[in-house]
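To keep things simple, chains are lettered A, B, C, D, E and F as they appear, and every chain counts its residues starting from 1.
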Amino acid sequence: MRIKVINPNTTASMTRSIGAAAQAVASSGTEIVAVSPTMGPVSIEGHYDEAVAALGVIDEVRSGEQSGCDGYVIACFGDPGLAAAREAARGPVVGIAEAAMHFASFVATGFSVVTTLERTCVIARHLTVAYGMDKFCRGIHGTDLAVLDLEKPESDAYRVIVDACRQALAMDRSGAIVLGCAGMADLCRRIEKEIGAPVIDGVAAAVKQVEALVALGIGTSKLGDYAAPLPKDYVGLTAGFAPARSGGGR
Amino acid sequence: MRIKVINPNTTASMTRSIGAAAQAVASSGTEIVAVSPTMGPVSIEGHYDEAVAALGVIDEVRSGEQSGCDGYVIACFGDPGLAAAREAARGPVVGIAEAAMHFASFVATGFSVVTTLERTCVIARHLTVAYGMDKFCRGIHGTDLAVLDLEKPESDAYRVIVDACRQALAMDRSGAIVLGCAGMADLCRRIEKEIGAPVIDGVAAAVKQVEALVALGIGTSKLGDYAAPLPKDYVGLTAGFAPARSGGGR
Amino acid sequence: MRIKVINPNTTASMTRSIGAAAQAVASSGTEIVAVSPTMGPVSIEGHYDEAVAALGVIDEVRSGEQSGCDGYVIACFGDPGLAAAREAARGPVVGIAEAAMHFASFVATGFSVVTTLERTCVIARHLTVAYGMDKFCRGIHGTDLAVLDLEKPESDAYRVIVDACRQALAMDRSGAIVLGCAGMADLCRRIEKEIGAPVIDGVAAAVKQVEALVALGIGTSKLGDYAAPLPKDYVGLTAGFAPARSGGGR
Amino acid sequence: MRIKVINPNTTASMTRSIGAAAQAVASSGTEIVAVSPTMGPVSIEGHYDEAVAALGVIDEVRSGEQSGCDGYVIACFGDPGLAAAREAARGPVVGIAEAAMHFASFVATGFSVVTTLERTCVIARHLTVAYGMDKFCRGIHGTDLAVLDLEKPESDAYRVIVDACRQALAMDRSGAIVLGCAGMADLCRRIEKEIGAPVIDGVAAAVKQVEALVALGIGTSKLGDYAAPLPKDYVGLTAGFAPARSGGGR
Amino acid sequence: MRIKVINPNTTASMTRSIGAAAQAVASSGTEIVAVSPTMGPVSIEGHYDEAVAALGVIDEVRSGEQSGCDGYVIACFGDPGLAAAREAARGPVVGIAEAAMHFASFVATGFSVVTTLERTCVIARHLTVAYGMDKFCRGIHGTDLAVLDLEKPESDAYRVIVDACRQALAMDRSGAIVLGCAGMADLCRRIEKEIGAPVIDGVAAAVKQVEALVALGIGTSKLGDYAAPLPKDYVGLTAGFAPARSGGGR
Amino acid sequence: MRIKVINPNTTASMTRSIGAAAQAVASSGTEIVAVSPTMGPVSIEGHYDEAVAALGVIDEVRSGEQSGCDGYVIACFGDPGLAAAREAARGPVVGIAEAAMHFASFVATGFSVVTTLERTCVIARHLTVAYGMDKFCRGIHGTDLAVLDLEKPESDAYRVIVDACRQALAMDRSGAIVLGCAGMADLCRRIEKEIGAPVIDGVAAAVKQVEALVALGIGTSKLGDYAAPLPKDYVGLTAGFAPARSGGGR
């Protein structure tokens, strides 16, 4: 099967890192296609960035439908464009926040989220509610690392994150950590060993969830509000996004 | 004061109708600027349409910030782009679903929403939860009128909607109706007389809410997650949306 | 239009202060009638005070209906007698806690309440739930200022409140402040400047909400449980409160 | 021990009937004092009636504190004045809606409420939320019997109620019935036999709960918001309700 | 009436202590039968212990049904086997956590739980949700006393618990304490005097609740999901638990 | 990897059917060990059956830990013994209700459950709450097929279930079906084709979820309340279940 892993921001180095994390956990029969959209912000750190990034996510899902992708991962912890992407896709679409939180609820009665900027904590909190995971999420902790700092060796990001994880477990009396940024994927196993509790990276979790859904033949429901977008005209800059007369694609 | 009323879809006749409804309730000192974005879908009937329409909404808020608008109304019942628009604006931004639901909760212990397509009911339901209005909303009723049909005299839309309102009040045991589409604004007083219960149109409600907030000097909080978008690069089709180095505008 | 602003306690100096705050924000065509009931406690600092004060609120609504008031504000942060007042009134009735919280939810994803006595915090908390605002309210902070101390220059109330606001924003990670006492109305703009976040006073907010509802012709629903009280006999001390044979008044 | 059973309305025949129901279930050492207040409505069928009736309830609690009552039952399904009464009392105060719902949650995973007027259903629904019983309450059913009709043999009230109970069990898939009016107390065992499921009368339930609390020496907490009302002046018609300098009584 | 008080763990000294606490509050006509099951863990400190202990609880209810018990108390703060026991019993079955929390909600607007091991706090938290008591429970505090330590004079358990109660009241701003372990029953009045707020022991509370329900003739509903277990074969170690062809017993 | 699929009831033919369904979706490297416990009910249709069945589930997890199983599926829609099993296991343990509901929330904004006996609907409803899936579950529909009837060709079970699925989609306005019984596993694809919406079988879903978790190295958290049971003595019939001195096994 072919799974498209969409990094909603447009920073290629982060896309490579996400792609590597996805590839590392993919089953032998799975082809991972990791992409950045051709449009949108270089990092996503607020509602505004998210709204614009959603367009890029949709664009990649539409082209994925044409090139035969079986499922999609949205690899940004705010899961931008998720509902719209589901209308556009026939196969499953899973966000990394969603995937990580659901997995955490399987292995602990409560988890903590450790993420980047303080200001994105509210976005994460809204997601816990949207996914029904608020009763499992006992705390969301910003580290005030900027997303792109995670790639800089001099930022000492790793140590900051491990410390935040330890504090989160103690303060929230939780049993597992959800890492709240796609850029943290490769730190996952190292942190787990240090803190002695499951650490869940959304990229890996989402790849496995999509693999599972595709393997079971479960696609996005086309009954009700995830049905393909109704065909109609779009104008101006976004004219190219107009839904086609048939199917969920172009 | 100057209030920009943004019809997120790109159908000019509907924008004129919304603008008229807004003007009809505006105070004497209020200038209403009713616009459609230069981009986006001709009607909004699902998550996908909404995600693309959000871009147009943001664009209008950004230009509004430059031309000195004091506040904004998002005149589509799904309130697309609301959180992003709030980051981009200094003054208040109010969605019509939000405004109508809050007003309904002031005059009845429970209200019903009567809207257009069945498939948009889920969007309305999610909004009731997002706004804390789910405990007041006792039912959401689709009429399966298409948005643009409301403008066609031959569609008999008025009669369909009145009947749906009556049934909603009886079935939900509710005390007020929220009309779930900007295109229904001018039908409001007529329906109220027929059914004997308050009927609340979001366009009118939102204009008055924004007027009130502006009059009180209450703008969108720039502390926390509605702070202006962080300046950064955007690429490709949406490059022009990159937040500027200072302020909430371009 | 004529709006009656009811200070549910019987301290005339506070009524004057509330009246001035209401007048300061009223539109040019609005007549503000600020009153204290002829009966009830000099301050309201618990459930018991509230229950007795509700009688005075009702009394003022009944006389307001006779003298042609178009809407009512209940100017005590516990919103005493709100549901009963709505049954008695044809026009809208808005409580100051309700009005302030709703406005706060339009300009921040979370707000904090700063109020007077610690023991009234539970009342405020119950209101957040009743109004669906609990998901926006991130904390309620008592300052242990007595209500009537707010009027005493020597109480240093202003400084205590500003400090409490600052702490509330930091501790709750919230974006706006709701001032939890009618007596704080005139402090509002000063505090906002000091703390750099919207500060919302319920008296001003409620006056504008009632103005808006009256302007739109939206009264209290007379369908369902806000219908006029059923006519019947009342005995003893409260015999005069018996609902009349017709209408919501005497 | 002495338990005061307060019928918040002022219809003496109903008070006698409630008193008899209370006496019938009281333990041998319990003295039941069934009273109507000297003030207030002859029946309680809305928010307005409730607000006025609360004054009478408080008055009876205050005189009860002076005459040595150990606990109180508020015998109207809306539990009017409950929080205020708790501030005024040292011993426990239990409402009949509260008592019945809690007992129902011990013997069934879901219950239905069968009550009088349709318009009081919203009051009952708010109580289920206030008491945390909304997850057990699967439906609230008005019979549109007026409260005082229950006393009239020609009203055929019994048959109407039994039919409503049967329908409620079937429609709500619930396992028990809560009777939503103090006037239904003596019908309880008869209905239970007919419908084959527990039928819970609030008067009986509340008497036993108060007996139990008094027997265990558990009074109303005087720490926090049920502490005795702060002493202060009251004016006008309600001057006599001013809290005394010490204790929770006069 | 005969009430069986089941200590789900198999430590006889604790059963004696629980029995004494139950006897101390029982009415004159009540016979208390305090038992430990013949099977199961010596203490219950986690989900696993609970699951095994449930079998012993059921066993005692089944034998109780044969020997004519009128009601049951499950005397472990996790209320193990409660739903199953209700299917097996005709009379009422009340857990001590359930009983204590409900009583606490009658005398305070919020309570704190003080319990033994930190790891059992999650179990208590799940119970608050299951019983609808989460809106009253403001905190759950582990003392990291092991259950069996409560019986050892040298453990200084009393002082640790009193300190935890005081801190809980202050930190949670609550008005009452629920003691979260059957082994704390005899400490109840002493603590209450020291801390000045109601302290509620579940054993005493549950005995009185069951007495009340039995006195009112209210048994467990046999309509719906508490109906007697369907007769069927069980095999192996638990073959003896197979429901009999008729009734809820053997 | 080796996954133990535990059918909590003791009907061997159903275990074989479940095993086949599990095997059909397992990855090539996965060994499925499908078992019934050596103890417990032949079918599970209520709280009582569940409580006894939990013992058998635990027993199988304990033996699985000794024989090197990497993860566990609990293949009964009530997920009996889930929390206890997680304490006893090092690897992941997933219930089929849990797995199916989580997957459904990935492909539809709302799902319906179609299950066997009406009386088990409450159990399913409690699970939706426990898993945070209540906001996605729009209805639970009993067919009043007995569990073991699903195996009988003459029961026409298939047609009854398909009809129930169709009605559920229409009545609940949902987009996917969760099949609420392990015995329905092999009907899954056939129904999906008939009704045109995703149909999710819990056995398949849980096998894939466990595979994914094991592949990612995510086990049950041993921090907090899923930590291994504390070693202690157990007596009587269940003496053999006493937790060993080290590890989560015997």
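Points worth noting:
Everything that follows uses one rule, which is that contacts are C-beta pairs under 8 Å (C-beta built on N, C-alpha and C of every residue); 3 or more make two chains touch, one makes a residue touch a chain.
In this text, all values refer to a predicted model and were calculated from it rather than measured experimentally.
With contact taken as defined at the outset, chain C and chain D are each touched by B, E. Residue-numbered contact pairs of C-D overlap by over half with those of E-F, the repeat interface among A-C, E-F or D-F. When each chain is reduced to the average of its Cα atoms, C sits farthest from chain F. Between chain B and chain E the centroid-to-centroid distance comes to 52 Å (mean Cα coordinates, whole Å).
For the pair chain C and chain E, the distance between mean C-alpha positions equals 44 Å. Separation between the centroids of chain A and chain F, computed from CA atoms only, is 27 Å.
Contacts with at least two other chains are made by residues 83, 86, 109-110, 121-122, 126, 129, 135, 173, 224-226 of chain C. Counting only pairs that meet the touch rule, the chains in contact are A-B, A-C, A-E, A-F, B-C, B-D, B-F, C-D, C-E, D-E, D-F, E-F. Those residues of chain F whose C-beta lies close enough to touch chain D in the complex are 118, 121-122, 126, 129. Here chain D touches chain C in the complex through residues 10, 37-43, 45-52, 54-56, 58, 81, 83-84, 86-88, 119-123, 126, 129-130, 224-227, 229-230, 232-239, 241-243, going by the rule given at the top. Against chain B, in their complex, chain F makes its touches with residues 109-110, 135, 173.
Here chain D touches chain E in the complex through residues 25, 27, 83, 86, 92-94, 98, 102-103, 105-110, 131-136, 169, 173-176, 189, 196-198, 200, 204-205, 208-209, 211-213, 215-226, going by the rule given at the top.
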